[in-house]
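Here the structure is laid out as structure tokens; the discussion comes afterwards.
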Amino acid sequence: MSASEIFSKDNSGARAGWSRKDLTGLQHLSREELVLLLDTAAAFKTVGTRHIKKVPALRGKTLVNFFVEPSTRTRVSFELAAERLSADVINMSASGSSLTKGETLKDTALNLQALHADVIVLRHSSAGAAQFLAERLDACVVNAGDGAHEHPTQALLDAFTIRERKGSIEGLHVAIVGDILFSRVARSDIFALTRLGAKVTLVGPSTLVPRDLERLGVHISHDLDSLLPDLDVINLLRIQHERQRKEYFPSLGEYTSFFGLTKARAARLKADCLVMHPGPINRGVEIDSDVADSSRSVILEQVTNGLAVRMAVLYLCNAARSGESA
Amino acid sequence: MSASEIFSKDNSGARAGWSRKDLTGLQHLSREELVLLLDTAAAFKTVGTRHIKKVPALRGKTLVNFFVEPSTRTRVSFELAAERLSADVINMSASGSSLTKGETLKDTALNLQALHADVIVLRHSSAGAAQFLAERLDACVVNAGDGAHEHPTQALLDAFTIRERKGSIEGLHVAIVGDILFSRVARSDIFALTRLGAKVTLVGPSTLVPRDLERLGVHISHDLDSLLPDLDVINLLRIQHERQRKEYFPSLGEYTSFFGLTKARAARLKADCLVMHPGPINRGVEIDSDVADSSRSVILEQVTNGLAVRMAVLYLCNAARSGESA
Amino acid sequence: MSASEIFSKDNSGARAGWSRKDLTGLQHLSREELVLLLDTAAAFKTVGTRHIKKVPALRGKTLVNFFVEPSTRTRVSFELAAERLSADVINMSASGSSLTKGETLKDTALNLQALHADVIVLRHSSAGAAQFLAERLDACVVNAGDGAHEHPTQALLDAFTIRERKGSIEGLHVAIVGDILFSRVARSDIFALTRLGAKVTLVGPSTLVPRDLERLGVHISHDLDSLLPDLDVINLLRIQHERQRKEYFPSLGEYTSFFGLTKARAARLKADCLVMHPGPINRGVEIDSDVADSSRSVILEQVTNGLAVRMAVLYLCNAARSGESA
């Protein structure tokens, strides 16, 4: 798809190859759909560098950022993506919503639809919440993270960043390191990267990286050091020490000593190995501060690319919805 | 008024028949003013169904959503209404405002006016707060609920929904069921519906529906069952069990057994009786879940109509203000 | 600079005489820079009185209001200023940000930059926070108050208000009364007003107005009464009794008896002495209620002027940044 197509105001029909009004996860997306998303994001990325950053694709449309779990980072990224598409944005948090008065999620969502919300971006603590809404609403529903299930736009921005830097994802060896068991980011990453042809190895203590995750078509390792020289990409997940229960690992210090990307470990990576992290980073825990700021680190590029990816998702889902209802 | 008049950018003069810069309540509105509001809302309702939902009526104007009491639902509805009129919207909550530093409501409001706010939408726990501001500010003041006093846009959307469904309100029998004593919705509903010619019956336990409310020109009943076959509209108020004190009724279960709209009771309503609720609904308390989702229920239509009604209120008050200052 | 220049969409080059992409304080600004800011604000002030209050100067630009300390008043003023320049605005508070997850201020800011934020307005409890970001980011950084260090836009609006009312600041005698020691407003006021030629006297109890502040080029007094007949401007700072520790003064009543602007004291001011206050005011503490509402009081004008001043700051810093990066 060319930029001029995207920047045109005509989004009345679904784009060739994309017919989903919702993006609730990556597990069931085809390779072709993933490539279309990344190609569309690449076209949108150029918008961010222009003097005027807005395109009229979603003018007059209303996007509701409905964050039942708080997340400023993801909320702001979706809000910016929507504004650059010229949509109107409404922010709703759980604490202010009727959910706290005992309303069901479905009723809250039906109310948003009755207000002619065109897109609902949902962050929720329950796996499946986005899918539940997507099946019941005419509005587009975009999953911004549901429990330990999926966080599709995060994985798309990871894939986008790798593809942009490496040219292709096919055949690359990607390690995802850390708390895999509870990570929706890891799950979505696994679906996207394996579908696009990467070899994925999950790394961490056996309590957080159980052997049965192999069923997802990945390799499992509890020994980061032996893997380092072979990796093309190392993606470090955040250790959420504010909620990590101590039965999973003895201490932050012990975690770092085995799985932190220290300077010594970084020295054993290939010269062109990408260092990734979904943020916010814990400097000195899962990643050494110098490594986070090194030239191999693409952590801030991931943030920039997240904007382009979210513009693409909003654009394609809205186009598919408008086409259906036309 | 035709849609083309409304969608035009020229709102420099007050619309024929409307000269109020504020809407603080419905008690003192004439029948003609109520009809004008509903007719204007009907014209705006078509905007919500268009591909591009915006009209330029309030372009360059600033609306401040000042919610001293929290209410996501009403705040979002006003925010969307304002955005569709192309106004800029600023949200302010009590917790972040200078009110918590001991500033008076009047000083806070004068500050908003000094910032050239054109419209202030106020939700406040004190009856009379909106009127207090309306008398002191050049800005339009719209009451989004003040204590147990009035909630005029809620009542307007109720009247709009009834009129749209029934053709006319004149002569209809409307029951309002529940906690009338503390309900600003009930008060505003009573003023609007009686002025428009409905017969209104208030229903509930005597602690919540005292006999002296008859002075408002309504009927009082403590026996819902005997009324059911006669009703054209049944409007169920939310039991606010999170703040209801137990001296008013013994238990939720007992309330439901006498005043909840169960399936058995719904079966005794006329086939075309409208079931209404201002939301958020307590499924299984004041309304059975199946009844809420039945074809008689217009609960979600009320939400949609709220948007049109609020656009009409913002439009007319702003036009009257602009005319006055011209 | 003429209004037509400012209202034009071309802001690609830095304006003559202004080359700063940031405004972190007034201490190091030249007299010429201060005058340029005030002149630009004067041009923007006319925008607030027009029917359509928007100009396209920052169309397509993104401003992030990042308030690590809460302040609705200042946040709303910046939000309105940005909207009138047609910028997109994102609000972020500390509680929702990744700072609460242990992310450093620098990392949070780098993330905002990676999202192509063009302007970051920062309120922070630490002195130097805005400067820290300004040195590390390509984005414009505007200090909206950092600890007890500076609050430059507040001082600019004070200077603007005095100049507008008095014609010139040169040679005026301005008293700043109250808690000087902990006041970023007082510090910024001192830098601006002395640079513009005013005689500044700091007034308050010796615990809050220590003698060594004379190094800033001001006079010190602990006796308000003897000063009153000589003043052209009296600027009363807010006594922050919610955080004032009792070692600094015995009681609010005692503070008022010595330093409050009572009616009796106001009667001894020159007829054309301006009464100023940054707000929110404590009626009956640092200022008598009648005096606050009297014709000498320009407190609400200060609020209005704050909008014009902030538009000027955003406009000039953005123009300088665009010029640099062109």
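Observations on the structure shown:
Think of it as A, B and C in the order they're written, each chain with its own count starting at 1.
Here is the rule we use: a residue touches a chain if its C-beta (ideal position, glycine included) is under 8 Å from a C-beta of that chain, and two chains touch if they have at least 3 such contacts.
Predicted model, so just to flag it, every value in this text is computed and none were measured.
One rotation lays the C-alpha atoms of chain B on chain C, and its angle is 120 degrees to the nearest 5.
Residues touching across the chain A and chain B pair largely diverge in numbering: under half of the numbers involved belong to both copies. Per-chain CA centroids place chain A at a distance of 40 Å from chain B. Along chain C, no residue makes contact with two or more other chains. On chain C, the positions that touch chain A within their shared complex are 12, 59-62, 64, 88, 90, 92, 96-98, 101-104, 107-108, 110-116, 322. The part of chain B that touches chain A in the complex is made up of residues 48, 50-54, 70, 72-73, 75-77, 79-80, 83, 242, 279-283, 300-301, 303-304, 306-307.
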